[in-house]
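So, here come the structures, one by one.
Each of the next two complexes has chain A plus one other chain: chain B in the first, chain C in the second.
On to the complex of A and B.
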């Protein structure tokens, strides 16, 4: 475990060193990423500013759900979700083969070499929206914070599961970066209160593909109004992770090299 | 051989080659058949919840709002463009030098490529999603006036191409343009009305948006499709707004001409 962390830190160090060769461009890119993130809650903001609302949720409660989602994405995208573009790019270019001969697991190497420094802008964006929402609602007590932290960790587990699935697709679906769009279209369901969806959709996003865990479930816990089926969502998140891992392994077995 | 005949031959050859090239990746394009309706489904739930407590939002009913999002989706499949990435890649890799030596203007070649690409998208993306929206979501995707809608979508097609092409030209000056491109895309999507109807913005922002070219990319074709135009309290007839759209296309073309003139003077290619 310590070795794995050391390896990951080394990967981060190398990626940052490479990026620092164009220091100005790096900071500009982070700023642009941050500005891009600012548009994400815009729709919700404008809906509320026009006097409309999502029934039962004030603006900052609704924004908190999106803040949690952005925070979860802000951690996962730079630190491990890079395995997705890394897989797609390597398989397309033929450099995936190089990872097969390394003395570490291929998946670990995909994560380590997939650190995306520019995505740190997403993390800053997530922190900003989360903080702004939080200061505009009654501050949660310690108990709620503890529950939130546990559920937030589970949200990262779900993100990791999605990373595995998309990376698995990247092995067999050559050069298709549009798998990200598939993820975002489904993840969109986790960015809004579940009570606006039909019963069938709620069951789907909590018990089958637990995208509600990416934003709604942890945020509602922090707001002191735990979501229905939280426990089921936690269990299904863990199952989701294992199924994703099996999927990735199955796709990995199907990998065919054409030389690099 | 007359110049027109030669241009027509180039048009046919490039459109056909691009179509064939991208047909090999049609499954990538077909992702839209899943992504478009899933995004739309979320919009249906969001707006249905919002409208459960009120009848209109900024004067739009639930049906009109969903129709708006439905039209945004399908029009985007017709106007989508990647000429910025294509040009910037050619500049960065040095491949652009080969176009300087060809007896075809790169601008003409790029627009032919876009036509070929969108012809494939017509049956892989547009028609399946249109059918899904029409029959499954029951969205009325019948234009108020077919002629003006087609004209407006064509002008939007040109405007998206021209604005993207101009962003692509910045690659002649900047080493890395990924960030600029991404920022521009978000700004364009927001200001064009791709994310939400522009009438939802506060009044003073609507006034600014009215004078910017972005509304002609999505908001105007959508309003022409619906059959009425209004922004920042200004109402215009459909022929008037389409005429204005055409003026903006001409302005963007002139901007492209100026940028291209200075950019190609600056370009230096070695090898490639």
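On to the complex of A and C.
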């Protein structure tokens, strides 16, 4: 365990060193990331400023949901979601093989060598948005915080599942960065209160592919208005992780029985 | 015996795409599959401390064999036992004890100094500090790269980078090291340095398996040569045996006083007749002994000058590849 942590820290250190080799690029890419991420909350802000609203949620509540959504990606994208581009790039370049000659699990190596400092912009944005929304609503009690932390952790589990699925596609679909679009087109459902969607969509995003877990479910818990089907979403998140892992392993087996 | 390979077979499924637009368009929906037999039942074994060269033309199955031996690929069938492991089954435990250098794929990190990449390997292999420092200092000195390991990798020349690749691959003191075209594109001096390094590590007991197209690598490093062609092993013996594999032929160049007598005799193949007094030929000493040949020439003319050479290894290899 200690060795694993040491290894991840070393991976982060190397990745930071790589990005910082070009100083201007390092800061600019974090800033651009921050600007891109600020777009959705800005739209929400404009909607509310113009008198419209998401039914049943005031502006800061809506922003809190988006803050949690951004925070969840702000942690997963730099720290483990890099396995996706890392896989796509390595398979395309033929350097995926080099991970197989290291005495660690290939998945761990993909994560260690896939740290993405650029996405720290998402983390910064998430922290800012989350904090700003939080100070503008009644401060939640300890009980709500504890439930929120558990659900937020589950949101990272869902992100990990997505990472596995996209990385699995990256092994067999050579050089296809479009896999990110699959993710975003589904994941963005998690950034809005579920009650704005139809019943079928709500069932889909809580019980089947639990993207509601990425923002809405943990945030509504923190707001003291727990979402319907929270427990189902937790169970389906764990099932989702398990299925993703099986999928990744199957794709990996295809790789080393067929060759790159 | 630390490596034992029995009847290794690897078959790939590949898809035929065609080359006209129509064929490509059709292949988007219906693909013809074709089975490619990359390796067709190779068997060999290697002892500890050996330095074995793998030769073969492009696409002969060398890299596939090497990928199976390093645990990257599953074979279709066959048995492989290396250091008591089956590479693709006990991959993690197994690869901790081997190293690999790929001439065309870098394990270093492009934008940061090799030293940072070494440190990443230190964490991956959990190498203790003292071992790491000792091994690193030793290899850095042996390869003469003291001033380079702290420079960003992208600023290093190919030769300098290759030396660092070797350090990267050997920091964890592997017992067997696989080298896939390690001297590709290097200048004479860098090649020399790397060959010296390989020989020195081999002297210390490290087993090396190397694939190359550089026959200099084979002549200077390998004591044993395995030649693979069309997925089959067509030769496995010492380098001297390789040279005499296709008959004991010698390259002879003669200059005579009187015109050279007719050379259309058994055992002699004229390669280049420069003039009536001067010729280069290939002599098969199994058919015509050298003294017989000299007698024959001297009887009809007088030898002024004569040089005698082994057939260059390139010629031998060329003949093997075209079989």
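A few remarks follow.
In the analysis below, the second predicted complex is superposed on the first by the 255 of 260 C-alpha atoms of A that agree within 3 Å, B and C clash if a C-alpha of one lies under 4 Å from a C-alpha of the other, contacts with A are read in each partner's own complex, and residues count from 1 in each chain.
The working rule: a contact is a pair of C-beta atoms (placed from the backbone, for glycine too) under 8 Å apart; a residue touches a chain by one contact, two chains touch by 3 or more.
In this text the structure is predicted, and so the values were computed from the model without any measurement.
In this overlay on chain A, chain B fits alongside chain C without clashing.
Using the contact criterion defined above for the overlaid structures, shared-chain residue A:224 touches neither chain B nor chain C, since it reaches no partner.
Of the two partner chains placed by the overlay, only chain B lies in contact with A:181; chain C stays clear of it. Once chain A of one complex is fitted onto chain A of the other, the partner contacts of A:103 are limited to chain C, with no touch recorded for chain B.
Within the superposed three-chain model, A:192 lies in touch with chain B and out of touch with chain C [touch as defined at top]. Contacts of A:173 after superposition: chain B is touched, whereas chain C is not reached.
Between chain B and chain C, B touches the greater number of residues of chain A. Remark: least CA distance from chain B to chain C after fitting both complexes onto chain A is 7 Å. Overlap of the chain B and chain C interfaces on chain A comprises residues 22.
Listed in rising order, the residues of chain A touching chain B in the complex are 22, 25, 28-29, 32-33, 35-36, 39, 42-43, 46-47, 49-55, 118, 173, 175-176, 178-179, 181-182, 185-186, 188-189, 192, 195-198, 201.
Chain C contributes residues 12-13, 64, 67, 70-74, 88, 91-93, 95-96, 98, 100, 102, 105-107, 109-112, 116-117, 119-120, 122-126, 152 to its touches with chain A in the complex.
Chain contact summary for the complex, chain B toward chain A: residues 25, 27-28, 31, 34-35, 38-39, 42, 45-46, 48-50, 52-54, 57-58, 175-176, 178-180, 182-183, 186, 190, 195-196, 200-202.
For chain A in complex with chain C, the residues that touch the partner chain are 3, 6-7, 9-11, 13-14, 17-18, 21-22, 93-95, 97-98, 100-105, 109, 112, 256-259.
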